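Presented sequentially are two complexes of chain A, the first with chain B as partner and the second with chain C.
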Partner chain A sequence: MSIPAASTVVAATLQREWLSQRLNRFFYWHVGLLVICGLSTLIAPPEAAARGAAWWILQVVLFAISMSSLLLGLSSSHAELDEMSLLQTHPVSNRSWTTGKALGLLLITFPTALLLVLPAALSQGPAWLLVGVAAAAGGVSGVFSLLGLALGAWIRDPVRGLISAVALWLGLLVGTDLLLLLTAGSEFVQSHPRVWVLPLMLNPLDAFRITVLFTVEHAAFTGLQAGGLTEWWLHHGGVWLTSCLAAWAILAWLIATAGTARRPDA
Partner chain B sequence: MNRRTALLAAGLLATRALLPAGSAFDLRQRIETAAPGTIIQVPAGTYNGPFVLDKPVRLRGEPGAILRGDGRTHVVDVRAPGCEVSGFTVRRSGIDLGKDNAGIHIAAPDAFILSNRIEQCLHGIYVRKANNCVIRGNVIVGTTEFVDIPNPLTVHSKPGREDLCTVRVSQNQEGNGIHLWNSSGHIIERNRIEGTRDGMYFSFTDHTLVRGNVVEHVRYGLHYMYSDDNTFEDNRFSDNAAGSALMFSTGIVLRRNVFVANRSHRAYGILLQSDSDTTIVENQVEGNTLGIYMEYGNGNRLVGNRIVNNYVGLRLSESSTDNAILKNAFAGNLHPVELGGRSEDNRWSSGGRGNFWEDEVRVDLNRDGIADIPHHEPDLFGALRRVFPQIGLLSASPGERLVRFLHQRLDLPGIPSVTDPAPLTRPPP
Partner chain C sequence: MIVAENVSKRFGTRSVLEHLDLQISPGAVTLLVGANGAGKTTFLRIAVGLARPDEGTVRIREVDVSRNFVEAAARFSFLPQAPRFNPRLTSRQILAFYARLRGRTLDAVEEAEDLWGVGDHRDVTSARLSGGLRQRLALAVFSLAPVSVLVLDEPGLSLDPEWRERLQQYLSQRAKEGATVLVATHLLGEWEGRVDRCVVLERGRVSAELSPDRLRAEFSREPHWASPSEDVPSR
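Now for the complex of A and B:
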């Protein structure tokens, strides 16, 4: 038996991922959520046009799509639990297999984020602002699906996996903010603002929020000239968000690969 | 006002000098030889100035009539009471800020400045120690672009020499759209100002009605100091670098004005400093960095305003006391209220009616439009904004929203906040 090329394995896993997702209830929940949230942009924001839609999509991604993507990735990771013993007897590398699954998830989550802006774009006319927001939302969605994949690779019990996913999501959603809110008054933080700003920059949800709020939406902000890292971030929000999401995606893929390499009964 | 009416009647009864168009028309000579009260109808063409009106004449430009200055002084200098300048394009004043060069400089009362277009001038219209002028329907266009905005709280904390109109300022070489100094009783209506340094500048000017003007793309839309008992109605101040600043004044009425999209890092929809007995009613304050900022404000009334979509809706300093803030709608602001300290001395409701707060819990069992429980609006970032501006990065974050949500229901200790005892369940009409 010959050893298949890595690209063949990736392609096969990608195809299998797509077929598998067609039977995954989390996939349908995710798509349904995107459609509902996209349609709700038509009625939710009081201000017309793209800015109102961008604000609404920000909320939707923070509070719903990120969670949904995480569960989608987790379910994808757990989908092969029963077959893991068999799969690991095949002469293919775990890296190729994980890469195929990761690409499959990204190909599902990134394009479907367009559903968030499609209704607004159809009713208000296409706008680069909405395209940017959709791309950013797709990026966040993709990263969270990969985080789910990584989590599932390490925590193979479905219940514990779900609890861990919710804990991770809450930590990224409010944990960083609350921690920074509590520490903002300390003299050390105020004399070393980079120490305070950096965790915010590294959190994908905060990076997304800041980009939409201050770069895309151009919310007025008294700290625009705060100097240093903050000023750089606010002036390069899109660049930073792209880099941050790419870094998170790679990190999640590495963690997932490492997790998959463990013995099935570990 | 009676004097103004009498002058107008006298002008109508005076000899009407309808002068023919033609290249031989010498406007300066016509002005010199005109009898007081003469109406000089000026045909289309370019007329080189400067022009000095030292007797009460009325210059009325036909379409295409252009008054062109010499680039050294005012284009039109009004020195006699009851003059009129209307229908002209006015260009090319001097650019000496020390001499307050202007397109139309008014140093005598009862002037009528109507329907002119003023461009390429230092100040558009400058009123110096002259009362009861009517400035209506003019378009004043400057070319200013501002890259840095001085903080009005530090720059103008006390009367500067610039306010006394005697000194050259070095920040830039652009004047104001309409500059009023040491005068009273004007009517300023339906003018459009853009691209100047400040849109309207009031200094020691009282009892003036400002109505229906549009001021855009300037530094301060309204820059206002030491001026009392003036009324502003139905004006629009938008997209200005620093917004509007009203300082050291009393008895101002702001009614149905629009203050929108003043969004630089130091911009204010309305800045009130050391103002008292100001009435701010039914204005729209939207999309500004700071919607309304009140410092050292006493006895002011904010009623029925729409304060929406600002970074900070209303900032109240600790020095502001005895102000009434009611029937306003706070919606879409990233931070509805910012406090500089204690705020117990201000009233947030009267007659059982408070304000509308977008995020509040609206329990209204008897359906009287008043929520059954008080609304606690926290200022989570508080004074940290000034010492640690990076805190603003947490604006609208889920963590900040969570703490705000909890405080509005539990009134958490240690967080500065205001309490509206009778919040409205619907925004006021």
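Now for the complex of A and C:
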């Protein structure tokens, strides 16, 4: 009789995740997308190229990589569903299992985000700006893969899972912005601008967008002198984005752990 | 030893187990039989922590499964009905993963592969295994655990007669060595002379115990629980 140490379970699950991803078509789509998008920075239209690789990568992460990462995590979760009745009768805590899966996904999504900036870095020479954007893109990609993992742990039907993933992605991509646009003119928001800015700060895609545009690229924006929360955010974009992504990653991990703990009859 | 006390389970308004008391002793192969919906699988799922009882407790070697699952799980091995695996992993990768969880070495993996005849398919992904091979892979995972409580749900359904025979021999041997073996099955005729005890479950309660040496005769005599239905293999 032996109960494996948490570190043993995490290491075994991490290795299993990597082995499983080697035959996951979503993984190859994800990597293929990263390579194509990375190369496209070299052949971007002149007006886009003029704005730099960082601007181009921002668009790519918002509209493609976030989605492919979400599907990568979802497929990782769903690949294990059939085996859960065997796995859940082993002396393994759900926390250790989910940690192993989450670390496996992060170790895949974070480093592969380098593929986005590699072509630009090789052609234009390495730049700190690109390193920063790649790190941020890797963070966003990692968070979305964990959100996919969490979604898959709760929504076990593949079709419903896919629909929910698309809905979540759309909600984060345009949902918050639409809501804020609709409420921007209201008296309450005008008198309490912090309430309006806060959802933008908390949304990982908006936090990424704002950070790359105004902190990394230093786009002209009157908000830089706006004072209050907006000014603080724009001057600490990198720190805020890191904190925001870390919080989302932890939240997704907690949701995934709770979802994994659910027994089929729950 | 497995001890179930006053175990009840309902799904909506339907009661599946009603104040079930059952004790499964070590050193014996115990068969749990009953018609569809009698509560066999539900009881096994509760016994191995896959479901929670609404009432009552199941203890495996003195450990309450619901209250202290991880410690209880270190004391038993379970073979689910029609097991399936991550389709992207090979047999060897699956076995190596479970061996690591059970603190076993690669030698134990090879031993299990040899025992259940899956060594020739070690590099084949589980998605490409036939039903019988998948069942044997699950048996290899099952036998990796260094435990003395063995719980199996319909273990022979996908196996051909030769492998069913080997499974019965394996379980008899483990019981002789002192293990507690509990098997839920429809194919009780095949177990005649191979088991030490046969418990009949009817409407969520233990309704009878059959003579282990007269299972075929008992099977055809008891219309309430033994009438073949659509998912009982024809005999």
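Methods note: the second predicted complex is superposed on the first by the 258 of 266 C-alpha atoms of A that agree within 3 Å, B and C clash if a C-alpha of one lies under 4 Å from a C-alpha of the other, contacts with A are read in each partner's own complex, and residues count from 1 in each chain.
Keep in mind that, in the parts below, a contact is a pair of C-beta atoms (placed from the backbone, for glycine too) under 8 Å apart; a residue touches a chain by one contact, two chains touch by 3 or more.
It should be emphasised that the depicted structure is a prediction, and the values quoted were computed from it without experimental measurement.
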Fit or clash between chain C and chain B when superposed on chain A: fit
Centroid geometry (CA): angle chain B/chain A/chain C, rounded to a multiple of 10 degrees: 180
Touching partner for A:Thr176 - first (chain B), second (chain C), both, neither: first
Touching partner for A:Leu122 - first (chain B), second (chain C), both, neither: neither
Chain B versus chain C as contact partner of A:Pro91, first or second or both or neither: second
Chain B versus chain C as contact partner of A:Ala184, first or second or both or neither: first
Partner chain(s) touched by A:Ala167 [first = chain B, second = chain C, both, neither]: neither
Touched partner set for A:Ala79, first chain B, second chain C, both or neither: second
Which superposed partner A:Leu23 touches (first chain B, second chain C, both, neither): second
First, second, both or neither for A:Leu198, with chain B first and chain C second: neither
Gap in Å between nearest CA atoms once chain C and chain B share a frame through chain A: 36
Chain A positions touched by chain B in one structure and by chain C in the second: none
Sites on chain A touched by chain B in the complex: 46-47, 62-63, 173-178, 180-181, 184-185, 189-190, 193, 196-197, 200, 205-206, 209-210, 213, 218-226, 230
Touch list for chain C against partner chain A, complex: 11, 45, 48-52, 70-71, 73-78, 80, 83-89, 93, 97-98, 100-103, 125, 138, 141, 146-147
Of chain B, residues touching chain A in the complex: 263-267, 287-290, 309-312, 331-332, 334, 380-381, 384-385, 387-400, 402-403
Chain A - residues contacting chain C, complex: 1-4, 8-9, 11-13, 15-16, 19-24, 79-80, 82-83, 85-86, 88-93, 263-265
